[in-house]
Amino acid sequence: MKHFINPADVPNVQELIEEGLTQKANPLASRNLGKDKTLVLLFFNSSLRTRLSTQKAAMNLGMNVMVMNVGSDGWQLEFQDGAVMNGGKAEHIKEAAAVVGQYADIIGVRSFPGLEDREADYAELVIESFRQLAGVPIINLESATRHPCQSLADLITIEELKTKARPKVVLTWAPHLRALPQAVGNSFAEWLNLTDYDFVITNPEGYDLAPEYRGGAKVTHNQEEAFEGADFIYAKNWSSYEQYGQILPGNEDWIVSAEKMKLTDNAKFMHCLPVRRGVIVEDAVIDSPNSVVIQQAGNRVWSVQAAMKKILEAM
Amino acid sequence: MKHFINPADVPNVQELIEEGLTQKANPLASRNLGKDKTLVLLFFNSSLRTRLSTQKAAMNLGMNVMVMNVGSDGWQLEFQDGAVMNGGKAEHIKEAAAVVGQYADIIGVRSFPGLEDREADYAELVIESFRQLAGVPIINLESATRHPCQSLADLITIEELKTKARPKVVLTWAPHLRALPQAVGNSFAEWLNLTDYDFVITNPEGYDLAPEYRGGAKVTHNQEEAFEGADFIYAKNWSSYEQYGQILPGNEDWIVSAEKMKLTDNAKFMHCLPVRRGVIVEDAVIDSPNSVVIQQAGNRVWSVQAAMKKILEAM
Amino acid sequence: MKHFINPADVPNVQELIEEGLTQKANPLASRNLGKDKTLVLLFFNSSLRTRLSTQKAAMNLGMNVMVMNVGSDGWQLEFQDGAVMNGGKAEHIKEAAAVVGQYADIIGVRSFPGLEDREADYAELVIESFRQLAGVPIINLESATRHPCQSLADLITIEELKTKARPKVVLTWAPHLRALPQAVGNSFAEWLNLTDYDFVITNPEGYDLAPEYRGGAKVTHNQEEAFEGADFIYAKNWSSYEQYGQILPGNEDWIVSAEKMKLTDNAKFMHCLPVRRGVIVEDAVIDSPNSVVIQQAGNRVWSVQAAMKKILEAM
């Protein structure tokens, strides 16, 4: 595997899930694989889980890690070819990516969307520029439209917990006071579409995910219908793709409640965290034994560790 | 030792002081103890000495360290049970602590008091929540009301320098332009009360420390009386506990002066740093051979190294 | 070598360049030299290249690294003797340097000039105070008036690429919208003056570097004349030394253009990065095969690695 930016970079998703479970069972088995290799993590946006889990995974693989919070340092990059850089942008991506590539064997990049210009966000300029220009493998630590480290951890978690060969997995939109990216929802849909699970997306009208991400998944605007017989309820807010970056009025009743969970087949509750209690989900759900959000967060280590292992092996 | 949050966590203070001196004499003797263990440091407030000394101690014990300046990233936590999180707080401590516990073998937490609500600060909500919810040992890197890593370093320093079996140790309030926490003063009193030294606290009226921290220590509002015959003068400012978080008018003359030091028995001068020269202490005192503030700062490594060693041994 | 603050600290510049090339050829050959040694990097100003390259070099030498972004934490230092510290400055350099020296075997310091008080900036108070007070070797990660890690990397790059025993090296001022320090220009001149290259500085009137840095170098205000027959064009902006810290009107035509490059002897183009495309240099120049800016940035590792190796060997 050369990069870990989107599912198209992954030759075999099922094998990667297995690799995650293998790493979890024996975290230090590949500790010599990354020896004398350096991982640079570039955070254009803040991070807690992704940062700690990726650093931990890299150390398990024996790598050195250097972390840069470039966002807080105001490192504004120019992406346009031929730009006269006489404004706020101090460095062109052509130099930036190539220079970091001089100090890194693998680069992890986090960069959120602006949520103002849909076309620009969905062009994935930042992460794809690093792919083209850095000269070393790139790991997507959440880009404008995707969060593959999260999605792989989600699949590992479902694999661990499923009690049927083909569980019903429901991705449900849930309310939030801020306009959030579509990345986690997009990515979850994209990866789930690569499995043979019974996958359903439910969201209010106006919140349909981009067609190229939801793919052939079943979409319903009736949340209760979606919940019926579900084995996994995956809650996540995202802002509208159609009315790009907007929060549409209403829909507060899309909270995942104990009442709605009764419609499921004793479903596990999942969320990528951080989660707004009382807004996204009722306390009674997230505090119940069926909530697997902490296990899911823990699996972030094995997800990125599996991906880095595949990348290191191919170097 | 399971945690290092307050003295009640320490089975034997004298043994811990000895351990600090042992670590100092041979810093790398336990380098295999922390192998493949990860320390996560969470700073809700900024830190220089505590951060560097704790990182250094962890490396001496062979641990990996991940540092998060969560304060600057604006990671606002909700602590209230049942809260509807529809405001500025993005994550509940229930998830936050448990998630970090997934990536850490030990967590160090720094979180200062708000100095507005005495009851809330003295409930030690942040550090005690991590104790209850993280699932791994917690080290107190300065909480709302305590700074045990500092106090243990102070005791190590006194132990190194004392020339009498039972030295007279004086904690003196000193002026400052900002309202500071009581944590260092509280902690010093609390730990000194566990020794058999002759311990005296002196502060202006209105600045008495909380009864549960000063315990049975002698308290006098007459600074000169306190200094008489002292072997150690430990200066520190704190805001009022009685008029909570306030700076009371006057008291600028409580500066530790060369004149006052003459009343002592050639006492050593101590301060946890950073120190305001010309406000807390005169240059003539801190620049004298009797000033031991740098040695004291150096001992911060051995203090936390001793505590982490005990925790690692008990894991 | 005791410190790496300015060229006077370097016994033999040519040998240090050779050491850089040796380290580049075999990055991990000295991996045991820094074992159990700790490097502390203090950034009073932000850093990308310097931070990553220095961390990388330290890891190649087997050192532990602790990074502090002290600037963003607002750690304001007092430098004046006898100051009454009753304002914004929380710690005196006397304590600050000595304390960090307790936790470090080597300290790297970055601290930019204020560009308001020329005498103060050129006194190099910050870095020289660390030299005097920290008690351990100091590495200059760009001070008010110098950037030796950059200059040594520049010399290593020229040494790698030169096709004549005595190449013509031209340092040319170039336009920029912000008032920048003279440090890179100063340092490049200072180091080039220690070689036997044919060294020419060209800048607009009013932009002459400080006499003690440009030394005996040829200075011309005619850029085209300077470019004639050059083997290396090194572009860099700096604010005026004469009208201290100012940007003088005009001079936008000092951009390094493809047209001007034709005057050279097929010169290599160099810049320390980040670079403003279309302002400092035309795309046609920096995108040409003669641009060596990425190689130059990569050599930042070997430059500081060579310096640290010499320091470690002398400890």
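Going by the order they are written in, the chains are A, B and C; count residues from 1 in each one.
FYI, contacts are C-beta pairs under 8 Å (C-beta built on N, C-alpha and C of every residue); 3 or more make two chains touch, one makes a residue touch a chain.
For clarity, every value in this text was computed on a predicted model and none was experimentally measured.
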Chain A onto chain C, rotation angle from CA fit, given as a multiple of 5 degrees
120
With touch defined as above, tell me whether chain B and chain C contact each other through largely the same residue numbers, more than half shared, or through different ones.
different
Averaging over Cα atoms per chain, report the distance between chain B and chain C in Å.
39
Taking each residue of chain B in turn, which ones touch at least two of the other chains?
72
Which bits of chain C are touching chain B when the two form their complex?
36, 38, 40, 64, 66, 68, 70, 72-75, 78, 81-87, 90-92, 94-96, 98-100, 102-104
Once bound in the complex, which stretches of chain A touch chain B?
28, 46, 48-49, 51-53, 55-56, 59, 72, 177, 273-279, 283, 287, 293-294, 297-298, 300-301
